[in-house]
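Common to both upcoming complexes is chain A, partnered first by chain B, then by chain C.
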Partner chain A sequence: MFIAASAAIIVAMALTLIRAMLGPTIYDRILAVNLFGTKALLLIAVMGFLTDRPEFLDIALVYALINFIATIAVMKFFRFAHLGHPHEEDNLGDL
Partner chain B sequence: MAATAFAIIRLRNLFAVVMLSGIFSLLAASLYVLLSAVDVAFTEAAVGAGISTLLMLATLAITSEYEKKSERSNWLPKVIVFVTGGVLIYGTLDMPLYGAADAPANLHLIPRFILESGTEIGIPNIVTSVLASYRGYDTLGETVVIFTAAIGVLVLLGRGHNRWRPGMRKPVVPEDREEEV
Partner chain C sequence: MAIDILSWILIVIGGVFSIISAVGILRLPDIYTRMHAAGMGDTLALGALCVGMMLQAGWTIVTIKLALILLFMFFASPTTTHALARAAIAGGVEPILDEDRREDRRLGDRSNRRENSDNKESENRRNKRGIDRRHNPGESS
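And now, the complex of A and B:
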């Protein structure tokens, strides 16, 4: 069952990869990277159970945190072109 | 991984290239986890997929979004790359198998680290004593390199330099944003 799950995850990874390469808009690509991170951590978790090392779950959790923060940072950077230092004219840097 | 690297080379849209390099780092990190080098995988995921993607985006905000086509022929770099890659692959043929018990590193270095590093260095964690004492100068050099790189990045991308210039992506003007929020 774990083998089937990991095969399905790898297929999904390939599909997101194709979307990241073709993706017409920027949001497609950001979403593809986010999804790819999620798939990578799922793959790590499944591989952990497949090779009898369930402590891989902790690693997968930390991956989820890194993935989340990275996506937020990329979105924020794309929106404001900086990461939120105080801006000269407006107060948008406080977001 | 190979498909991602090939797409990174071929694509001209630099934003897609940045996103794909993030995916490439995630793939490399998964590979490290499967080879049970978990600490290296964490570094790769945090630095490769997180920080360097952001730094690349900061660079993209200063430069233009599309790569220019170069007119000169580039056969010499290609030859150098292929020869170097071939030599590196040829070098791996003589290496012992992954995890082989009779590899030279497993025969005399590892047992010594495991048996004696506790009394020699006085640190209970073997990895820490290898990094901080047996390879102390190596770690010091790495720290100097990272420090220099951080200074260079701060100088290049620092505040005050990222004003709008011709060729850059236009910043979102505040009037557009009011109605969206």
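And now, the complex of A and C:
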């Protein structure tokens, strides 16, 4: 049953990658990469159960943290072209 | 035994929902509707799979780690979706409204909507609506 779940997750990852390559705007790509990261987290956890190595869950936990930070950082980078505070006082620094 | 069956059912539900959300992110027309499909994958697929694996693991440290993943994604996923929607609005991506679809249908153009957005007429209409909305922010269009 874990094999079926991991096969489903791999199919979903492939479909998400197609969207990340097609995506007309940059936001579609960011969304697709974010969902791909979530699916990768699930795949790591399921593979840990499949191979009876629950240490994989630590990697999955770290992957969840990094995925969130990376999505926010990429969005901020594409909005401001840098990662620091905005130069103008335009109240958009908390995007 | 009952817990085993329940956990298998939950894991199958999680796999099915992850495929559904991937199909949704591939097939839906614009970024905001795709965000809806992605949110379903973030909550239902992850929740069902994690709860199913927790039932398989029993009362061990593995369950606590899975609960931590679930708790973190419970907060991180809406935050990401909200920030992405705000960034898309600020970046000038217009949502496809029902009015657009009705007018496209009346024009007899049933082809892909992405080609329609290249259409000069619909481009003008969208620009005009954007300006109107900026002048009356309280008014729903």
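The definition used in the following text is that the second predicted complex is superposed on the first by the 85 of 95 C-alpha atoms of A that agree within 3 Å, B and C clash if a C-alpha of one lies under 4 Å from a C-alpha of the other, contacts with A are read in each partner's own complex, and residues count from 1 in each chain.
Criterion: a residue touches a chain if its C-beta (ideal position, glycine included) is under 8 Å from a C-beta of that chain, and two chains touch if they have at least 3 such contacts.
Please read these numbers as outputs of a predicted model, since none were measured by experiment.
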Open item on the list: Both complexes share chain A, so when I overlay them there, do chain B and chain C fit or clash?
Closed with: fit
TODO: Please work out whether A:P54 is in contact with chain B alone, chain C alone, both, or neither, and reply first, second, both or neither.
DONE: second
Open item on the list: Looking at A:A40 after the superposition, I want to know if it touches chain B, chain C, both of them or none. Which is it: first, second, both, neither?
Closed with: first
TODO: Look at A:R19 in the shared chain and tell me whether it touches chain B only, chain C only, both, or neither; answer first, second, both or neither.
DONE: second
TODO: With both structures superposed, pick whichever of chain B and chain C touches the larger number of chain A residues.
DONE: C
Task: Where the C-alpha centre of chain A sits as vertex, the angle toward chain B and chain C in the overlay (nearest 10 degrees) - done: 150
Open item on the list: Once chain A of both complexes is superposed, is A:R79 in touch with chain B (first), chain C (second), both, or neither?
Closed with: both
TODO: Using the superposition on chain A described above, determine whether A:M1 touches chain B (first), chain C (second), both, or neither.
DONE: second
TODO: For A:A70, select first, second, both or neither according to whether it touches chain B, chain C, the two together, or no partner.
DONE: first
Open item on the list: Tell me the contact category for A:I9 with respect to chain B and chain C: first, second, both or neither.
Closed with: second
TODO: Determine, under the contact definition given at the top, whether A:A32 touches first (chain B), second (chain C), both, or neither.
DONE: both
- [ ] Could you tell me how near the closest CA atoms of chain B and chain C get once both structures are overlaid on the shared chain, in Å?
- [x] 6
TODO: Would you mind listing the overlap between the chain B footprint and the chain C footprint on chain A?
DONE: 26, 30, 32, 67, 78-79, 92
Task: Touch list for chain A against partner chain B, complex - done: 17, 20-21, 23, 26, 29-30, 32-33, 36-37, 40, 43-44, 47, 56, 59, 62-63, 66-67, 69-70, 73-74, 77-83, 85, 89-90, 92
Open item on the list: With touch defined as at the start, can you tell me which chain C residues reach chain A in the complex?
Closed with: 8, 11-12, 14-16, 18-19, 21-23, 25-26, 31, 34-35, 38, 41-42, 45-46, 49-50, 53, 56-57, 60-62, 65-66, 68-69, 72-73, 76-77, 79-80, 83-84, 86-88, 90-91, 93, 114
- [ ] Name, in rising order, each residue of chain B that touches chain A in their complex.
- [x] 3-4, 7, 11, 15-16, 19-20, 22-23, 26-27, 29-30, 33-34, 38, 41-42, 45-46, 49-50, 53-54, 57-58, 61, 159, 162, 169, 171-172, 174, 177
Open item on the list: Could you list, by residue number, the parts of chain A that touch chain C in their complex?
Closed with: 1-2, 4-5, 7-9, 11-16, 18-19, 24-28, 30-32, 34-35, 38-39, 41-42, 45-46, 49, 54, 57-58, 60-61, 64-65, 67-68, 71-72, 75, 78-79, 92, 95
